[in-house]
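So that we are looking at the same thing, I have put the structure below in structure tokens.
All chains are identified by letter, namely A, B, C and D, in their written order; residue positions are counted from 1 within each chain.
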Amino acid sequence: MIDMGLPFAGVDGALAAAAAWIALGLAAMAAPASLALCRRALYPAGAVVGLALAVVALGSLGAPPSARVLPLGLPELPFHARLDELSAFFLLLLGAVAACVSVYSVGYIRKDDAGAPPGLQCLCYHVFLASMALVLVADDAYFFMVAWETMALSSYFLVTSDHRHAEIRRAGYLYILLAHLGAISILLCFGALQAGSGNYSFEAMRNLQPAAGWASVAFLLALAGFGVKAGIVPLHVWLPEAHPAAPSPVSALMSAVMLKTAVYGLMRVTLDLIGFPLWWWGVIALAVGLASALFGVIFAAVQSDMKRLLAYSSIENIGLIVAGFGLTLLFRGFGMGGLAALALAATLYHCLNHAFFKSLLFLATGSVLHATSERSLGRLGGLIHRMPWVAWCALIGSAAIAGLPPLNGFVSEWLLLQAFLLTPGLPQGYVNMLVPVAAAAVALAAALSGYVMVKFYGVVFLGQPREARLAEAHDAGPWERSSLVALASGCVLLGLAPSAVLAALEPVTLRFTGYTLSALGGGWLFIAPIDPDRASYSALLFAAVAAVLVLAAWLSVRAFYHGRARRAPPWDCGYPWLNARMQDSAEGFGQPVKVVFGPAFRIEGEAPSPRDPRPRYRETAEDRLWYWLYLPVARAVERVTALVSVLQRGRISVYLMYSFATLLALLFFIR
Amino acid sequence: MSASGFIAQLTELLIAVVLAPLLTGWVNQCRAWLQNRSAPGLLQPYRMLAKLFEKEVVLADNASPLFRAAPYLVFGCLALAAAIVPTLGTDLPLNPAADAIALVGLLALARFFIALAGMDIGTAFGSLGARREMMVGFLAEPALLMVLFTASLISHSTSLTTIVETLAHREFVIYPSMAFAGVAFTMVSLAENARIPVDNPATHLELTMIHEAMVLEYSGRHLAMIEWAASLKLFVYSCIGLALFLPFGVAAGGDWLGLVLAAPALVAKLAVGGAALALIEMLSAKMRIFRAPEFLGTAFMLAVLAMLVHVLLEK
Amino acid sequence: MLEHYGPQLVNLLAAVLLLLAFAMLSQRRILSLINLFAAQGLVLFMATGLVAMITGQTHLWWSAGVTLALKVFLLPWILHRLIRRLNVKWDVETLVNIPTLMIFGIVLVILAFNLAAPISQLAGTVTRATLGIALASVLLSFLMMITRSKAVPQVVGFLAMENGLFFAATGAVYGMPMVVELGIALDVLVAALILGVFLFQIRSRFDSVDTRHLERLKEE
Amino acid sequence: MGAELALLLAPLAGAAVLGLVGHRRYAAELNVAFSLATFAAAARLVARVIEEGPFTALGEHFFIDSLNVFLVALTAFVSLTTSLFSRPYMRIERDHGRVSDAGMRLYHAMYQLFGFTMLLVLTTNNLGVMWVAMEAATLTTVLLVALYRTHASLEAAWKYFILCGVGIAQALFGTILVYFAAERILGSGMTALLWTHLDSVKGQLEPTVMSIAFVFLLVGYGTKVGLVPLHNWLPDAHAEGPTPVSAVLSGLLLNVALYALIRFKVLTDGALERPFAAALLMGFGLASVAVAAFFLSRQRDIKRMFAYSSIEHMGLITFAFGMGGPVASFAGLLHMTVHSLTKSAIFFTVGHAAQKSGTQLMEGIRGLVRVSPAIGWGLMLGAAAILGMPPFGVFASEFLILTTVIAQHPWAAPVLLVSLGVSFAAIFGKVQAMVFGEPSAARLAHRPALAPVFVHLALVLLLGLYIPPYLADWYRRAAQLIG
């Protein structure tokens, strides 16, 4: 396990990083209109800070928790900050991703006179980063909520930075509204946890043991509140709207890190503050998570906007994470520490992986967006020839997110499935029944994500360009390139060195489940979560052998035969008039999923008649939940409003009558 | 790893790579007999491979490096898969490196690349084939995984060799779950190997073809690699089937005699299996492409059912 | 003699006050409404004076004087000028039918008495019974304001309510301290003046002082 | 001695002077100067209370303690900033010909007089005088609301006058009853109306009388606080008066009325052992929050919408005081402060926004950040603050209130949840539409005064992150007083 002594307490380092980010943001306000300032100085500095934060977090993973009280906040309740293993892990994630995204932003931000001035965006960006860091180190309810809502507000401003488009405004509104509702529910969760003691510091909540009833209320409130931010079904509606609306670096940050802060909050409340999860909480989390996973991936498969597709895929991954977390709770609830450790490790591992490949893909879409100013899959294609760097990095990202060995996505799914395979040991009949179904759902989601990624990559980067102007597309600049490469290599490394990652995760699992994985065997080359005889996996060996075999095949073909190749127009079964419109469109590629999972969608569209001279085909697959859940609520509110406004009809004698009636009623009431 | 293990591993790999086309040939021959046609020679696949290797490659103008790399990647993946599955002995050094889940992942990796290669040229057929292949994949892959899970629930391990040892070398027990799993596995392997009733390797009808549509643009050595990979895939699936359902005769760790005896046993089992496959193909009719999801959905459900049955009856 | 009859007289005046309140409640014509208001002021003045005589509290004389000046002369005069200028002098207001109004008024009176009864027992003053009547007249003038749709009657009702309050102060506690009395009186005067100004402005805007024209600000 | 006198005399003198020269060019500066003087006096008073603690002055006619001194400071401060804001604002109004010379004179005089009456309500020790001053405040603001002499403004002023006049009359009856109850212990005369004396003997006050009295006072002063269902005058008056007046109305007058109510609540609680006043306050507070929240989403006039938001927040404060206890009362006082700061800031921006786009209807106001970023961001941040978005101070108080509610009265939590959610949806949706998007606004004749806006928001932000110890002590002491 990694242990590098820090000269100072980890929490101070984290707070310093947050302060530095805020300072950078404020510095941008010195010259809000100057692009050069942000590009030359602030974003690079931000990247450095992110790197430093990552180092600090890595260093304090092994170290004992460090706490600090700031002279801010409410009189009785100053800001408590504390950095324990869990915070350290998520801070590591934040720092690494933030560094890459900041580097990318240096190359990404352009002069845009219409949207918000660059200085303002820089401010919001860095405040966003800082608030996420503060969320992760906050150690009392008030500090946590302040950081949490600041995060929501700053990201809202980032999402709406180009607010001239109505749909972007709508997306931002939906986002901030749901975020606020979630925040209120989190607030109430803390209110339930402090149980009338009036002490809102997490320390106090840790110490006092709420009654099971209150604890369950708190858990459900937390699941709802953090679930909104994480985007689990049915609270996900804001996510596919907001992520595409935001500038790509922001989408990357939101998807890669912000969703994880919600996971962090859920873990913090359940495993740490409450401390004694009940097993049925795990069942709920499991069910919700799997539902989100399937929902997300199914909807991702039918999207025709590349950023929406990635947003839905985020819902899927978060679903898997929540499912893994539910499994952790299940094991904890039945007191199986070792298995809980396994599930927790898988969950955290997947958080890390998702942070890497999802930010990689979002940044890649950002480069595509800049090169082609096109987001719709229907007008892209063949970019692997125009922008090879982006294309190859994106290939790694896609393979990783599809959960293919030997990349990182596979490792976490492998661990997760292992955890599932161990559930038959549970002392609860119905849960045992649940397991095969759950495992099947996970497998199905994984396979479908492969489908989605083939669609995404194939339509964007392969085939023929669907528009003429894609020929002018240029590859990403050096800054963007370097950050893409960094993230891609991150995906590879996380995939090839699982034992190191698991070692880094040990302190977390040790603190929250009392067990570690490496204690159960393995070694540096193999990972064997339970025991080597039961299951083991060595990405390195695996990849090496595969590479050797591929190379051997190639070389021997070269050796025994020849390497001659002739270029010619595509054959296409001899059909001579091939053009780009003959390829599958994004909708076409989604068709099988629409057919197979028809009931999940609310499909409407029209097909052209056979002898239509200019045939047009339109089909939209919408989210049923929108019509089942959200619109009815809105209508109900409308109705109540209409009812209430009867109070204000403008006639003065009626008003007088109100106060008269009130008076008389009260006079009766007291007699 | 012991020397014997290493040798066993190597021989397994070589046998797989060498024998795979033979299996394909054998299946075709059986089918021809059943359709009482005069069959092509047993070695026909080898001849075809040799011919293709000799021919020069004709590449589409806009073929990307991915297109050229894909055949080798696919071949490598399937070769590795063949190496993982215990066919002769169970003392394999590669075994701890990759278990059943990794095996499925490996097959998925191969599918991923072949599908991307199919989309690379941007022809109507290519993307159509890729789409259908992935459609088959996203139902077949989890089904296969569930089948393997059933086995690993029985043997409390996902490592293939442990599974085989459990099934082969303990006293014989009847596992009802394995019956479900067997049916599911058969359906999956039919679909995965582009066999009737899901696909028909013999035709190039755009209405029906899946696998062939993806590889239409390939020629020469690339096509050869892909064909070889296809027969390797058939071989791998047959071996998985044998390992799960007829694991008898596989040598336990490191006894040379066992290894020597295992080889003929394997050949015999493959012969039977191939014949059975041909028979199934004979008896069933090609189904419409959108019936395929139902077919595979059934397989998936059966596999899940198998797990449930295990949890219910065999605890 | 005075000690003996004084309280009874005060109670008598209180009864008259209540009677006047009912009269105002049922009065249709604005002109006579104002006269009734003036009469109420007079009764109030007499009551205050009487109490002052009984108790010999000097500041009550002051407030009696103020009442005379304000409620009997100044305000009625202002109102008279007002209605002449607005020439709504002969305006007749159509109200909800009077019997129901009467019944409701009686209910109010009962409530007020019930409410005041326990308090009056505590009162150390000779005129303890008057509190209930004062409360009743306050509520009655409130009711009157509700049932009137024209502006001037509402103003009158407002001022009548002030009368009731004054009477409550006098009857229950021999009047508030001087400063407060004066302050209240001043407020009432200013209020009346402002109301006058308003009525003219409203009139000049909508050439009518019917508050039914004042119903534009509302929620659809 | 002296500070409190200056505090009252400065605005009075200001009213007199501006009554004469209020229409001159320099009148606005004079207005600012007098407000500044008032603020200076308030500051001195604060300093004195900090060092000496509560004291009475001018023969017990005035009483300064931690409860009212912070309100005095707040009032003086906000009226100062508002006068700064009204300088350019009223000039623009005058250039647009909406206000005549006489109007300006009236405006400035009444502005000062209004300040005077509020300070009198706050500082006086005599409950009768408190009533008189409250009525006077009504009268002055009535004139201010009617300033434009338009149909709407006259209607609003009339309703305001009648409703609040009647309400205040009930309050007078309540005051008389309190006097009645006190007289039996303290004897007839002035002392029976002095709050300090009443407070010392509150235990012996007759319960029945006090409960009836409190009902009348609640209906009376509650009308001015704007508690549902006595609130009907409030949206009209806020929407139709000049914006500076709306700012001081909802930023200060409501607070002052609530202050009066609290003074009586203290007495009533002392007299009754059962939590009678508390229950009433909680009920009315909750009703106001819920009803106002649902009113919000139908609004088309921007000032009207924020008027309803004021009702909501006053309801929340009342609810907090009703809950009582150190935390809730603390939160209520904090919320009073941040609400008046934030809401007045919002009205400042709203005023300029309306002037820019020449309409108060929200569909006519679009894309403010593009035309003038300062106004746009001011409005956006102000709205975020008033909606309880951290790190603004409103969140601090709402945090305390909500967490206390969950712990003490869980049944009320869902109501508050729904209301807060609905009001957030309504206000934020409309504000976003006004601030963002394609602009629809013109240039202004005079440079808008936005310093006040950002000063207020900065203060609110500060209170969200850090509450200075002496301020916290005030709140605590005041909270103890309220109980």
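Criterion: contacts are C-beta pairs under 8 Å (C-beta built on N, C-alpha and C of every residue); 3 or more make two chains touch, one makes a residue touch a chain.
Quick caveat, the model's predicted, so the values are computed rather than measured.
*Asks:* Common contacts of chain C and chain D?
*Replies:* A
*Asks:* Can you give the shortest number of steps from chain B to chain D, where adjacent chains in the path must touch?
*Replies:* Minimal hop count between chain B and chain D: 2.
*Asks:* Where is the C-beta contact count highest, in terms of which two chains?
*Replies:* Result of the pairwise contact count: A-B comes out on top.
*Asks:* By CA centroid distance, what chain is farthest from chain D?
*Replies:* B
*Asks:* Taking the mean of the CA coordinates per chain, how far is chain B from chain C in Å?
*Replies:* Those two chain centres are 102 Å apart.
*Asks:* Any idea how many Å lie between the Cα centroids of chain A and chain D?
*Replies:* Inter-chain centre distance comes to 44 Å.
*Asks:* Quick one: report the Å distance separating chain A from chain B, using the average Cα coordinate of each chain.
*Replies:* A distance of 35 Å separates the two centres.
*Asks:* Taking the mean of the CA coordinates per chain, how far is chain A from chain C in Å?
*Replies:* 71
*Asks:* Which chain A residues reach two or more other chains?
*Replies:* Answer for chain A, listing residues that touch two or more other chains: 645, 647-648, 652, 656, 663, 667.
*Asks:* Would you pick out the residues of chain C that each touch at least 2 other chains?
*Replies:* Where chain C meets two or more other chains at a single residue, that happens at 115, 142, 145, 154, 211, 214-217, 219-220.
*Asks:* Which positions in chain B touch two or more other chains at once?
*Replies:* none
*Asks:* Would you please name all pairs of chains that touch?
*Replies:* A-B, A-C, A-D, C-D
*Asks:* Can you check the complex and tell me which residues of chain B touch chain A?
*Replies:* Where chain B meets chain A, its residues are 53-54, 56-62, 64, 66, 68, 72-73, 75-77, 79-80, 83, 94, 96-99, 101-102, 105-106, 108-109, 111-112, 115-116, 119-128, 130-132, 134-135, 137-139, 141-142, 145-146, 149, 152-153, 156-159, 162, 204, 206, 216-217, 220-221, 225, 290, 293, 297, 300, 303-304, 307-308, 311-312, 315.
*Asks:* Could you list, by residue number, the parts of chain D that touch chain C in their complex?
*Replies:* Where chain D meets chain C, its residues are 126, 128-129, 131-132, 135-136, 139, 142-143, 146, 149, 151-152, 154-159, 161-162, 165-166, 169, 172-173, 176-177, 179-180, 183-184, 188-190, 193, 206, 208-209, 212, 235-236, 239-240, 295, 298.
*Asks:* Using the touch definition up top, name the residues of chain D that touch chain A in the complex.
*Replies:* Contacts found on chain D: 158-159, 162-163, 166-167, 170, 211-212, 215-216, 218-219, 223, 228-230, 232-233, 235, 276, 280, 291, 294-295, 297-298, 327, 369, 384, 387, 389-391, 395-396, 399-400, 402-408, 413, 417, 420-422, 424-425, 428-429, 432-433, 436-438, 464-467, 469, 472, 475-476.
*Asks:* Which residues of chain C touch chain D in their complex?
*Replies:* Touch list, chain C to chain D: 115, 118-119, 122-124, 131, 135, 138, 142, 145, 151, 154, 158, 161-162, 165, 168-169, 172-174, 176-177, 179-180, 183-184, 186-187, 190-191, 194-195, 198, 201-202, 205-206, 211, 214-217, 219-220.
*Asks:* Can you tell me which positions in chain A touch chain C when the two form their complex?
*Replies:* Touching chain C from chain A are residues 645, 647-653, 656-657, 660, 663-664, 667-668, 671.
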